[in-house]
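Read through the structures below before going on.
Look at the two complexes coming up: chain A is in both, with chain B in one and chain C in the other.
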Partner chain A sequence: MSVKVKFYSLFKLNLKSSGIEYEINSPITASDLIKKLDEDFNGYFSEKLLEAGTITPGSIILINGQNIFHIDRLNSKINDGDTVTLFPPSAGG
Partner chain B sequence: MKNYLVRQKDILSEAEEKSLENLNIMIAGAGGLGTNQAVQFQRLGVNKIYLYDYDKVELSNLNRQICYGRNDVGRYKVDAAADFLNYFGLDTKIIPCRKKIKKNLDLPQDIDIIMDAFDNFPSRFILEELAVENNIPMVHGGIEGWFGQVMNIIPGRTVLLKDVFAGSENDKKPAVISPAVSIIANYQVVEAVKIVLEKSDILIDKLMLINVLTGEIEKIDIKR
Partner chain C sequence: MGKIYEYQVLRVDLSKGEITRETIKGKKVKDYLGGRGLASKMLYDEIDPKIDPLGPENKLIFASGILTGTAASTGGRYMVVTKGPLTGTIASSNSGGFFGAEMRFSGNDIIVFEGKSDKPVYLSIKGDKVELKDASKLWGKTVFETTDILIDEIGDKNARVSCIGPAGEKEVLFASIMNDKHRAAGRTGVGAVMGSKNVKAIVIKAAKKQVEYYKDEMMKVVKKQTKMLKEDGVTGEGLPALGTKVLDNIINSNGLYPTRNFQSGTFDKTSEVSGEALVEKGYLQSNKGCYGCPIRCGRNVKLPNGLHGEGPEYESGWAFGADCGVSDLNAVTEANFLCNELGLDTISAGTSIACAMELYEKGYIKDEELENGPELNFGSSEAIVYYTKKMGYREGFGDKLAKGSYRLAEEKGNVELSMSVKKQELPAYDPRGVQGHGLNYVTSNRGGCHVRGYMISPEILGVPEKLDPQELKGKPEWTITFQDLTAVIDSVGMCLFTSFALGLDDYREIVNAGTKFDYTSEDLLQVGERIYNLERKFNLEAGILPEEDKLPERFTKEPLPDGPQKGIFSHYKKLLPKYYKARGWKEDGYISAKKLKELGLK
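Entry: the complex of A and B
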């Protein structure tokens, strides 16, 4: 088992990657995941997803389809087998 | 059947055709998404389109808002859009509503489906509250650059926009380009038609993410 992280939209385009998988031995937080991603993607995700230690307005982080705003924000727990989805929502019209 | 709809006869059953001809749509926002949706619903032969917007046409709208030209700059969008659509002499009734969408707004009682054609999430969340209060399905669409998303909100049945897009509010004015706007608007119209016709493959608790440049369409599971 592992944690699947999927990138969509601009994240996928910029990184030329549709995602990454991590083996974890115990639950991690969304913050921990962003640190892991930063190591593999040269700091890209903390730049895109974080602002002054909180989630940047206009960034979506879903754990198994649920927005972490409705769980415990950056302290939301990610368990073995979970899927994390990251994308910048399209706001215009 | 209206005589100008003869070419869609083989695509829809008689009952489906009737459903569309009786359909009353609310389009919230007469911008890029809304003008494209209005054109499509009119060509589908729906009964009525309530078009909501309180803004006037600006020059910067003309790259994607297909009901307006240079001569419309300064006019109320809903009036200019109604003139544009009525020019075609088709049977769909276009009802311009020069109103801001706000909480507790009284909606016409005969609306069957609400189309999100806004350009920001705070307004969309208010629209969603109205949809839920009035128990009317709503089809969300958003566009930024070459990327867009579509999602259905069916009160009591699906995840809500505020569940998935909490934290999406920001002050940026997204870059928008006409073909991508049209594609997202058209997918929204297709979803609306599918909801009305009770097709089996409606987006339920799924978010459709569209990359217009690569042609990739991905559906991701979403939950409350």
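Entry: the complex of A and C
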């Protein structure tokens, strides 16, 4: 089992990657995940997703389709088998 | 002549073939701004809301917003207002491109068509010369052909055309009015009203820019707002790169991406039809902007088979894609191009096919009715292209689709399979997954619609702040603010997308700068409230009663079956009484005398 991270929108186009998988031994937080991503993508994700230590307004971080904003924000727990989906600020309609 | 707060109205009496002029200024402009607001006021004052929308008594109003044609960022929008044939409500449909600004430049801020011509005509405006001309040779032509011919005829390649295609001529109830070939006053069937009056097109080439405003004051604000739009992640990065189709994966990942006529909230083949796919497959050639737009979300697309055009937008791509269960981006784009060419609203066209697919798969539509057309199965690329064309020309089964999903499902004895509100098809967000947005659907004054109060913005996208989509508290008030602010933006003449980066204070600042009006932000929002209430008053008098403030039963009786929102229903029935109260309306949904008086509507 592992944690699947999916990149969309400008993340996907700019990084030319649709995501990454991490093996975890125990639950991690959303914050921990961003640190892991930073190691693999040169600090890209904390620059895009974080602002003054919180989630950049409009950025979307979903754990199994639930926005972490309404779970426990950056302290939200990610378990083995979860899918995390990341979007930069986006809108349309 | 030409002051933006003194509207020059061109009135075209089609029955008599007479053209007259008048001016609107003063309190009415202060109270209704322009665009959607002022045109709605004119319609309300001039017609009986009970009339047949496709009869000669209806009027069709093309209106500039107060800042249309100025230097305001995205200030090129115009509004078409009439009584709508799909819903029977007031219909107002907004479009970008360059036509609106040209209309303003020509000194004709508002154009009103009334009566009915006994033969096809078009309105030609070249400099000061205004003529109604014979359009017999244009009748039957597509939007693209009509546009090319008229630009040729007027003899200036910079002329702008707004016209209907075969769908409008044949009064398809959701026919659009198209300008600059690819931009649409798409929803509510305004094109059918134009067709019913035998008006094929308006072609305009202004001699000079007759747009007078306080330029120095306004330019300072424009500069600041353009910077805000360019620096914002949504309007400066996401929309230019991916267009509105940036939303496919977001809405699908959140579990509210309506699939197979709203039977599901997730589509397993989204990655095949998303905005990202349009870029990665190499179909996107460039992005494109409307008049004065720093955002440039338009898609200039070329398919491997050589077809090229603009789109698809998010809603259009979804309607022919996930909602019909189709994952073939080529077919989806082709169906979208066909809608532009024939003059059809993409949302109602795609979702009416989706409804027909569910009716067909459940046995309510028989094979013989299809007159040798392809089977209407979910997932059929062939069906979406074939039936879009048939709909546009009202041939075979397309004639039934041309009345929209509600009338089709009603005829088949299963009206609940039409995913519509007040007979207009719902757009690309399942209301079970977003409670405020569901409330917006049922209280929209033009039937099922996302751009009356786009609650997706706070509930899903976190703009201007993130709200819990399942929380009910506060949603009536948020929905009202979004609805009233949208009415303001639609009357200013700027694009609704600016509101991802700008707020009420910014619109107040730019309107005041250009006009030297002295609105406070509260005053301006009250203009929006006045417009919203006037539209509601029109609808009530037209016989569209509060009991029609409802969603199809699917959303309250069947929970979302899968995805992250699995098991969830819409709770709009709990929100509606609170919404009425917060609007200052009576418990039964009628507008209270007190509210009417407060807004100067009585």
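Here are a few things to note about the model shown:
Operating definition for what follows: the second predicted complex is superposed on the first by the 90 of 93 C-alpha atoms of A that agree within 3 Å, B and C clash if a C-alpha of one lies under 4 Å from a C-alpha of the other, contacts with A are read in each partner's own complex, and residues count from 1 in each chain.
Throughout what follows, contacts are C-beta pairs under 8 Å (C-beta built on N, C-alpha and C of every residue); 3 or more make two chains touch, one makes a residue touch a chain.
If you're wondering where the values come from, they're calculated on a predicted model, not measured in any experiment.
Per the definitions stated earlier, placing chain B and chain C onto a shared chain A by superposition produces a clash between them. By the touch criterion defined above, A:Leu62 lies against chain B and chain C together after alignment on the C-alpha atoms of chain A.
Within the superposed three-chain model, A:Gly53 lies out of touch with both chain B and chain C [touch as defined at top]. Stretch 59-67 is the one among 5-13, 23-31 or 59-67 where chain C clashes with chain B after the superposition on chain A.
In the superposition on chain A, chain A positions 6, 8-10, 12-13, 57-60, 62, 64-67, 69-70, 85, 87-93 are in contact with chain B in one complex as well as with chain C in the other. Only residues 29, 31-34, 116-121, 141-145, 147-149, 163-170, 172-176, 181, 184, 205, 209, 211, 213, 218, 220-224 of chain B touch chain A when the two sit together in their complex. Those residues of chain A whose C-beta lies close enough to touch chain B in the complex are 6, 8-10, 12-13, 55, 57-60, 62, 64-67, 69-70, 85, 87-93.
On chain A, the positions that touch chain C within their shared complex are 6, 8-10, 12-13, 56-60, 62, 64-67, 69-70, 85, 87-93. Contacts from chain C toward chain A in the complex involve residues 232-234, 237-239, 241-247, 249-250, 253-255, 274-276, 279-280, 297, 313-315, 450-451, 454, 456-457, 460-466, 468, 496-497, 500, 563-565.
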